[in-house]
Structures are given as C-alpha cells and as structure tokens.
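Read from first to last, the chains carry the letters A, B, C and D; within each, the first residue is number 1.
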Amino acid sequence: MTAVVAGVDIGSTTAKCVVLGEDSRILGKSLSVVGVDIVKDAERALEAALADAHLSRPEVSFITGTGYGRYKVYFGQLVVTEISCHARGANFLFPGTRLVVDIGGQDTKAIRIDDKGEVVDFAMNDKCAAGTGRFLDVCANALGYDVGEIGPLSLQARRAVKVTSTCTVFAESEVTSYVSRGKDPKDILAGLHASIANRTLSLMQRVGVEPEVTFTGGVSQNEGMVHALHRRLGVPVNVSPLSQYLGALGAALHGRERLSGGAA
Amino acid sequence: MSDVVSAPAVSGGVSRSFLRDARGLQRKLVEEYYGAFASVDQPRRPVAYMLVGGNLTEILRSFGYDVVFPEIVALNCAIKHQSLENILHAESLGYGLDVCGYVKNDLGLQDLGGKTSFGQIPRPDLLVCSFSGCYVYVKWWEALAESYGAPLFMFDVPYMREETPRQEDIAYLVSQLWELVHLLEKRTGRAFDMNELKRVLAESRRAEDGWVEFLRAGRLRPSPIEAYFESIFYMFPINVLRGTPGAADFYDVVNEEVRARVRDGNYPLPEEKFRVLVEGVPPYTNYRTFWDFFRKWGAVSVVATYPKVGGLFDRGFRHDPSRPFESIAEYSLGAYVNQSWPLRRKIIADYVKEYQADAVIIHGIKSCRSFTAGQGDLRDWLIHDQGVPTLYIESDHQDPRYFAPAQIKNRMDAFFESLEQRRAVAAAAGAAPG
Amino acid sequence: MPELLKIGSWAGDLPDGEAPAGIEISPDFREFTEAESVERIVHLAQEVLADPTFPTVRAWRTAGGKAIGCFPVYTPQELVHSFAMMPVAIQGGGENLEISRADAALGSFLCSISKSTLEMALTGLLDPFDGFVFPYICDVSRNLDGIFTRVLPQRPSHMLHLPQNFTSPATIPFLVAEYRSLIEKLERVAGRPFSPEDLRASLEVFNEQRALVDRLVVLKRDAPWKVTLVEYYLLLRLGGLLPREVHIPLLRRAIAELEGRERKNKDAIRVIVLGPFCEQPTLELLQLIEDVGCYVVGDELQMLHRWCPRIEPGTDPLESLATSYVRTPVDIGVRSTPTTKAAAILARVDAAKAQGVLFLTAKFCEPALEDVVLYRRALEGRGLPYLHMEFEEKSTTYEQARLQLETFAESILFE
Amino acid sequence: MITGGLDLGAGVIKGVLLEDGRRLLATASAPSRGIPVQAARHVLDTLGETANIAPDDIDYLCTTGFGRYAIPERNLQVSDFTSSARGAVFLFPKTRLVVDVGTQASRTMSISETGKVLKFKMNEKCAAGAGRFVERCSKYLQVPLEEMGPKALASERPKLISSVCAVLAETEIINNVAEGVPLADILMGVFLSLSQRAHSLMRYVGIQPEVTLVGGLVRNVGMVKALHDTIGMDLNVAPDAYYAAALGSAVLGHARLQKLTTAPQGVGG
C-alpha cells in the first residue's frame, strides 16, 4: 500500500502538521500561529505541509487530528489526544524512551510509555497553569525579553534566585520585584527555569522517573530548560529539533496504524 | 413545583425507559420533601439541621422532627446552577476563596433568605452536628449557630482507625445519644418513645436492604446500573428520608426496574467497554458534562465510593431495632470519610475485585480536604502497588470556577485512549499465532 | 568539662543545671545551655530553623534518646516526655524546602505545612524520628497520619481524635481511652511501660515551661517594645526543638534579660494576630508586621506550648491531662466553642488594649478561614479595625503584604 | 506651592503636578519596563516640560505604588490605597467607595468624608492581574487594546469566563473562539468576568454611593459599562482618575508640606 498520511496538531498557540511517506519518512512539515479561526488554521497547516512535501491533497490517504483543537480538524478521519501522539512520536524518534515530558503553552505532561510507544501512565499539571510554558512566556515579557532569548541567558547566571511563586500571574510580580531589588535578570531567569524544572520533576515522579527521558513540546527548544531539567533529574534528556512536531508526527503514525488495520 | 432536581436526560442509544420509573418516583419524593417546607410561617413540625455523615435521622424522626440537610440543599443548588451566586455572596461576607463550597453555598443562601428554585429552606430550631469524618462540619455548624442562635448539639464521633470500634468509642457515642434524647425531650415536651424509635429503625433497615440490592447490581456484567451518576439521585431517600416507609418502598421500585433492565437488556450504555470505579465527590455544577466524558468512551461506573458517605451499608452494616443505640453509634462511625486511609484503601481494593473494575477514576475536589487530601497517594498506590490504571483529576463540587472542561476532557480522553490501546495490543498479542 | 544535663524522672522543680537521673543530654546542646544573651539565642534558633535536618533531634539521638514528632496544636507532649522521649514540634519545612513529591501525594488545594511535612517524610528528613502524633485538628492533619502509615511504615504514626463535645460527662473518659491508645504505641516505641509517676513529673516540667512562656507572653503584651516579635517567636519556637530541660533555663535567662531591657516605646499601633496557630509565618513576615509600625500584643503563634494553663497532676495524672483539654484549654480555631468564641476574642482585645486585629491565616487553612467571619462580625460590632491576610511557608516577596500592612497602619494612625 | 505625586506601578509610572493642593498643572505617564527609577525621572521631566517648571521648583514629592521606595529624592511615601482614596476624593468629593482595576491587582476601599481609608481589600491569588489579563486577551484575540472596549459594546450575549485562574481563562477563551462565539461577546465576557470579581471585593468592604473608578482600566469603555451593569449603580468616571493614586499622593504631600511650613520646628532635617 503506497500510503501517505498526515498528522495535524492544533495546540493553544501553534498549529503543526507532518506528512509521512510510506517508509515513515517525513516528506513535509509546517508550523504556524493559531488565530481566531481554528478550522481555517488547521486547513492552512495541512496545505503548508503538503506544499513543503510537494504533494497535493488527494495524495494523502489518511489524516489524524490531535491537540486542543483536534475536533476542529474536520477534514481528518481520526482524532487522538496529544498524550498518545507524543508517546508514539517520542518512541519513533528515540525508541528507548520510557518517559516523555512535554511542556506546552497551557499544560505540562509526564507520560510513561512502554517499548511500543503505548501510554502506560500519565500525569498533567493540576489545578492551574502553574509551571507551563506560559509561565516562561509571561516572565520573559515582564523582563522585557523575547521568549526565545531567555534560555541561553539563563545559562549565564551566576547565582540563581529562588522563585517560589508557582502561579503564573504572581510569578510575574515576583520577577518585577526582583528587578526592582537590582537582581541580575540572568539570575532571575535561571531561577524561573529551575522552578519549572522542579514542578516538572514533581509531575514526572507521579508516573515514575525511568530513563530514557525524552523532552518534547515548544519549551524543549529552550536550552536553558533542557539544562535545568537535566540538572534536576541527574540523567540526560533526549531532545530533538523535531520535538515541536512530535504531536503531529505521533498523530500521523497513529493514522498509519489505523490505515494498516493495526492496534489504533 | 415542576422545576425540581432530576436526573439529566440520557441521550444516544439508550432506551427511553432507562431510569424512567425510578426517576419519576425520585422526582416526586424530592418535590414532596421540599414542598412540605413551602409554608415557612407555620411549620407543622420542628426543624433540625443535620449533616449526612453519621446523621441521627432516626432519633430526630422518632421525636417528630423534620430534618434538613444543608449539604443536599447545596448540591441541589449546584446541579441547578445556583451555587455560584450563593458562593459569591458568602465571599462578600468574608468567607475566603478556599473555604468549602458547601459551606459557602449554604451560608450565602441562608444570608440571602433561603430561597431556592425548588423551595424555601426553613430556618432551624435545632442544629445537630455529627462530627463524623469531616472537620468542616464543626466549623459550619458553629457558623449556623452564630447566625441563628439555635441550640447546637455536638455529636462527637471518633475517627475510625481500626476496622472494629473500641468499646470506649461505642460507650462515648451511646452516652451522647442519650444526652440528645434528653435534650429533645426537653425541647419537644414529649417523652422518648423507644418503640417508635424501633419502628423507625426497622423502616431504615428495609430501605438499607433495598439500597444495597441496587448497589450490588453493579457486579453484573454488563452492569444494569450507573453506580456513580445514577446513584447520586437514589442517595436522596437513603440519606434524607431514611426511616420512612416511602424510602423503603422507593428502593423496591428501583430494584424492580433494575431487574427489568437485565431482563430486557436495557443497559446504561449500548456497549459497556470499560467498568470503572469512581472515587470522590461529583462536580455537581457540571454534572452532565462530566457524565458525557464517561459515556463517550463506553465507560460505566460499576461502583463508587461517594454514595457511601451516608454509610457503608454494602459492607454489611444495618440499623438494628434490637440494638437501637448501639447500632446508631456504629452507623455514625461507619461513614466512608470517617475511615482512615488504610481502611479506605482496603475498601477500594475490595471494590475493584468485587465489581471487576478495569480502572479507577479519582475526582478530587478543592472544597473537601477530608475526602481529597491523600488521593494522590491513593492514585500512586493503585497504580504501583495494585496495578490498577488510575486517573486523578481535580475540580470542585460546588464552585463552577474550578471546573475546567477542556482540561478535564483532555485527561479523560487520553486515559481511555490509552486503556483502549493497551487492550487492543493485548488482544492482538493474544490472537497472534504461536 | 561541664556536667552533662540529664533527663528522666524529675522530682519537683529542680534549679537550673541540677541533673536528675536519666538519659544524658548530648554535649551538642552546650551551645544552648551556655548561650548567655538573647542575641546569641536568637542566632542559634535561626541556625536550627535554617537546617532542615533537625540538628537538635539528631543531637538528642546521638545520646541514645528517642524522639516523637508532634503535629500542632493540642498534642499531649507530656505523654511522650514521660517515656523519656523527646517530643519535637513538627511545624513544616520552612521556606527553603523544595516541594516536589508531596504535591503529587496530597493534591493541589492544601496548606503548606501539610505538603512540607509530607515532603520531609518522603525525602528522609524525618528519619531522626521514632514516631509521630497527628491530632485531629483538621481533616488534613488527620489524613496525613493515614498517608504516613504508607510512606513511613517502619515508624509508627498515631492519629489522636480530639473530642469536640465539651459538655458530655463521657468526654473525659473517652479522651483518657484515646490517650491510652497513644500510650500503647509509645510503650512499644520506648520499650518501657507507662508510669503515672513519670507522667506526674513530666506535667511539672511542662508546667514550668508554660509558666515561663506565659511570662514572655505577658511581657510582649505589656511592654512590646522590649522584645521584638521575631525574638519572641524564636524563643518560643525553640521550645519545640530542644529538650525541655534545655529550653527552660534558656528561656528563664532570656526573659530576665528582656525584662530589664531599656528600649524606647515607639508610636506604633497595638494589634493582635489571630490565625497562625498551626502553620507558622516566615520570620520576614513577622518582622514586616512590626516594621510597618505595629506592635503585636497578642497572638496565636506556637500554640503547641501554650494550649492550656498549668495542669495540676492530681491523683490521676492521665485524667488531669485529659481534663485540661476538655475543661481549661485556650480556644483557637480548632476547638468548637461557638457561643463563647466571639466574646473571648473581644476580651482578648480589651485585655491587650489592642487597636486592631490582624487575621493572618495560612493559605488553605479552613478552620482559621471560617473563624475570620465570626470574629469579623464581633469586631465590626465594636468598630474595631481588622485586616485579613493570607500567608504561605514559601514567600520571597512581601510587596503585597507590606502594602496591606502599611495601609492598615496608616488607616489607624492618620485621620 | 507645587507638589508632585508619583505612582510607581509595576507596569506604568504615572505622575502629576499640583499647585497649592488644588490646581492640577500636569499629568504624565510612561511604561516602567521593570526599571522604575529611570522611567520615573522621565515622567518628572515630562511633567516639568508640560507645566513649564524646573525640577527644583517642585517643593515636595510624594510617591506611591509598588516602587514607592525606589525614588531617593522623595519627601514622603504612602501606600496605594491611601493615595487612591485621596485622589478619588479630590476628583469626586462625595466618594465613599473607590474601585481600582489595575494591571496586576484589583482593589477596593471604603473611605470617610476626609478620604481616610476605612476598610480595604485586594484580590487574592488566582484572581489577579485584571489589567494584564485584558492585555493578554488583546494580544490573543488580535484586537488592539484601545479597540477592545468599543468593540465589546456591540455584545448581545456576553460569554462569561468562569475560571479563576487567568491562564486557564485564556484556554476558555480559546475554546470560545473555536466554538464560534462572536468576538464582541467574548470581549464583553472578559470585562464582565473582571467586573464580577471586582464586585465581590466591593461587597466585602460594603457598597455605598458614590462609587469612583480609578486606575488602569478607567479609560476602557467596555470595562466601565461592565462594572456599571454588574453593580447596578452609577459610577464616577473621569479621565484624570487614571492618575488618581499619583494625584492623591500629591494631595497628601501638599497637606504634609503645609503642616511642616506652619510648624517649622517639627522638620527633622
């Protein structure tokens, strides 16, 4: 069967799409910002990935939607939660993965998986958005940085300050207060990263920390966060430049299984 | 009074007769109960406020009291989306963001005059606080005593740390029960009538038998009952109307209907894909939404801990007319949240086996620390020591501000998805040749 | 080398430094027994608090002693003491303890002290203890006991049911039975039988500590400029972290120094702090209250040492101990006395000549939160100003707290 | 006599110059960008330029707000509550309740005829950041900040947001967008939700007329309408109420200065 499959991941801030060839080679991918019209954004994400793959719509046999906006992927044949998708995607990129950590814009997940990439157990941030990507976003903003800059800056810290507030809104005032007390922004950033690493570890311990650990989601592109997690965990953390696409990739893989009559 | 609390309509592939008779009768009982309070100016009988855990309905009933359970009033408000207004009012009185939603709903409602869409809630003549399993009960009744000036009887119930209570515990409780009897004699001018109490206890016992028969139907495969979402409605008679013939008759109707369901193949869902145990208090404000998250995946709760807050009848306890005071004392000790964590863990483990549950869903609520503090550890124990897939989610039972539908749905979807995946993998492995 | 202090069966009120027969107190406590000034004691106290590994308990153990962790408030520490074991106040992990595992076990909406206490259990910080007592002061404290039985199975934990019915004649016999259940566990841990004589002696030791604590409380009320809130707090806090035989002389020396202190009485408003009877605020927050111009002339800090006045041992010391909780305790938010509560608060305000009340409640501390409304009504009836603020163990910024406290002080001071 | 009032908020620094405690000479504001001292200097310069006054001509400087201790040349500092109350009374003398829906916190206080704070309350955790929340919604919904209010007025069926967590509330908004709720309804829902929170603070201290709105969101017509609808009472609104805290601190500064000049022996250095 010469089937091309696609996965569309509609997150809270970005839409991602991955187009997979029959040998599970990535033929094309796309990343775009989500706006007010999610249905259209999903369409666009697919079109962009198809353009990247030099393919046209009829050549795709199966489309899977995932992410918060998964039910808006009207043109798809299957919806799967991003938890199952991240599990499958991490297994694909790093087959030894047993624990997936995904820090996204709105939530953080720790997913324990087996050797086939099936979810064994998972835990997500409770109660509120404490410790999510949004936390970094807001604090970067309060310090006057772009969220892309803060990871490398945090690595230059000499002495991380202690950030205790887990509430995103209050962390912002905590950050502002440190600034007014003359603390080095780098040290504050290091403190913020350490604080998220700590919250994340707490989630990971709920499902059990077991190597290999694969770090995914938007925040995984932040090297300061990778460093902070590694330091807190004491074991290396797999990170791939494709991490952001893991949900979409996992969705495509789920679609392929479904198409071939597999477990999905 | 057409606008009363009732079970939500069940949609999608469910026979229309499902829940019909019992639900109609339940609605009627609720209507009659609140309707009896309609005339606040001339209450026919004195009113006692009581708490569900360890309640002393039988004794109060034997003295001709009407009993009001503010917890149940509050949950009815929440189901009917009236809780937030009361909660906000209580917050303006100074009750903080982290005070139990039941307390805030009730005290807010009382301060606003006690008017609900299902009837006027009468003022209390007596406040009977059964301190059984919930510390907030004590604080709540203190606040009521302060605002109403009604006398408060504190019934102090020791926490259960061993499966069998100590003799000293029973003696302490029986002594307090006699003190209550003397107080009631003084207040009503009536002499205590032991025969009347025994008669009431016998009715309670009959209702308890019926209730247990209903709960145990969850052991069948497929289960003809929804042990969480459906039970919540059938808890009303066992908690509020216990000791009346109406309560006991009610369960006869329910059980007749359950037997008919089995006979006709009329089940809660067209296909019972997952049998789950639910631990924790339901999010009443988003009850229907929450139920939908289960139904979507073919998940039926076959057993739940929440319906046991009024007593663990299914574990063998019955009110006993031959040992009136002792059995009431044992009842008060036996509320689910009055059991220590080692006992609670054992109950849950037993349930999982007895009801062949595939998974456990824990719903922790912000309001109730008694129920919730330690549920994370329970999750850990179930997964790692018992090998039972378990999902832990948090919201609130009274305060809709803490119910985040998108987040909860995502967790439920992911959980059932992974169960389904694992099941498919296991089936594929089982089917594979060799 | 100085004589080692000893502890055991104390007969009566021994003068400072005189050693009865019993377990030897480790020389590690010499710093405390030799500390001469309040300044030095405060410094030592801060060191002890900053160290999450319970240095004083470890020191006690090196001399062969056993220790029982006591959760606040109405825990009968005398019972533990009567077995020659050290009752130690468990009052959370402070601001330096990183919470990572306890969150998962407990759930989101719970107070700091419960989380940090469980975190300490999960990370080995409570290893120097031989057992724990959790009194039923709230559902969280109660449930912690059940979680401890799973996470620290080798160290017995006991949940003590504290009765809330204070009028029944059956209450005291019941509480005696409760204490007996605790005694059974303590006997197993201590490896020796309960002795009413030893309990009698222990009651006297605690009576002496209580008398001194009371003297300090009165000093803080009548001459708040002589002792800062932080000094006052730390002197009391040491009471739960040192063997009582070390704390008592230390406290006596400190009070003598403080009473003789010459300090200027500032133009500050007199306030009573209600609410922190279990979880304790940070030192910075305590200092901030006085920095913005308030004198704290009444409080609910360190209630573990102050929950009742003197206990006469009587003929049955166990019954005396039970009676003290039922009949003569200090009422705080975790004991039910609805009809007298508001009046008691007003009486306290009057006795302390307080100009306002500061409700300082721990985040998620439901019993304290519920009482605020009751007290609020009583205070409004008398036109007394109040401020309600919440605190947590972990706070590093105090801008919001400062803003509110300053406004409160300004609203009382300025026209 | 010229007194200056500076409100060093976490997001914006606001300043006023006041002549003889009565006449408002100038107002100015600048974003603080986490460096309040620099921004405050800039605001002082702008004020001087507007009023045509040299920095030395300011007789007394009173600061308020989050960064009130950051300015070394201040003569006095007061808390935000105290200053906002005086500012509100300066603008509307019959004010008895002041509501401040600010960037990082909402607060309310009941006051006496003289502007003395009687009771006050600020929002607790999990309900904070009203102004910041509006800013984030602006970014999210791709509606410029100044257009949010006018656009919200078109709402027919406002979509309320239930979550108390500002971040989770964003998720709710995303869901509402996905479900096709009209923009005006989402916007009005945001303002109404914030108003309801402010309302519960107001109820805590006791609502009595007149009610004066001050602070960050006073210029937002959507917020004003939502508050009006929520409390069911007329609100005093004035453009200068944006500067209420700065104004109030200048008023307090003037009073203090008068006291000092009439009793010169009381000046301690």
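What we mean here is this: a contact is a pair of C-beta atoms (placed from the backbone, for glycine too) under 8 Å apart; a residue touches a chain by one contact, two chains touch by 3 or more.
Because the structure is a prediction, the values reported are computed rather than measured.
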Of all other chains, the one whose Cα centre sits farthest from chain C: A
Of B-C and B-D, pair with higher C-beta contact tally: B-C
Chain A and chain C, separation of their C-alpha mean positions in angstrom: 46
Computed distance of Cα centres, chain C from chain B, in Å: 37
Euclidean distance of C-alpha centroids - chain A vs chain B, Å: 40
In chain D, residues with contacts to at least two other chains: 66, 124-126, 168, 171, 175
Touching two or more other chains - residue numbers and ranges from chain B: 93-94, 96, 366, 376, 380, 394, 406-407
Multi-chain contact residues (two or more partners), chain C: 103-104, 107-109, 363, 390, 399-400
Category of the chain touch graph - line, ring, star, complete, other: complete
For the chain B and chain C complex, residues of the former touching the latter: 93-96, 98-100, 103, 131, 134-136, 138-143, 145-146, 152, 154-156, 158-159, 161, 166, 168-169, 171-172, 175-176, 179, 340-342, 344-345, 364, 366, 369-370, 372-377, 380-381, 394
Residue numbers on chain C that touch chain B, as the complex places them: 103-110, 114, 136-140, 142-147, 149-151, 159, 161, 163-171, 173-174, 177-178, 181, 333-334, 336, 338-339, 341-342, 361, 363-364, 366-367, 369-374, 376-377, 388, 390
Complex contact set, residues of chain B against chain A: 366, 376, 379-380, 383-384, 389, 392-394, 406-407, 410-411, 413-415, 417-418, 421-422, 424-425, 428
List of chain A residues in touch with chain B within their complex: 68, 80-84, 107, 116, 118-124, 126-127, 206, 208, 262-264
Residues of chain D that touch chain B when the two form their complex: 124-127, 162-164, 168, 171-172, 175, 196, 199-200, 203-204
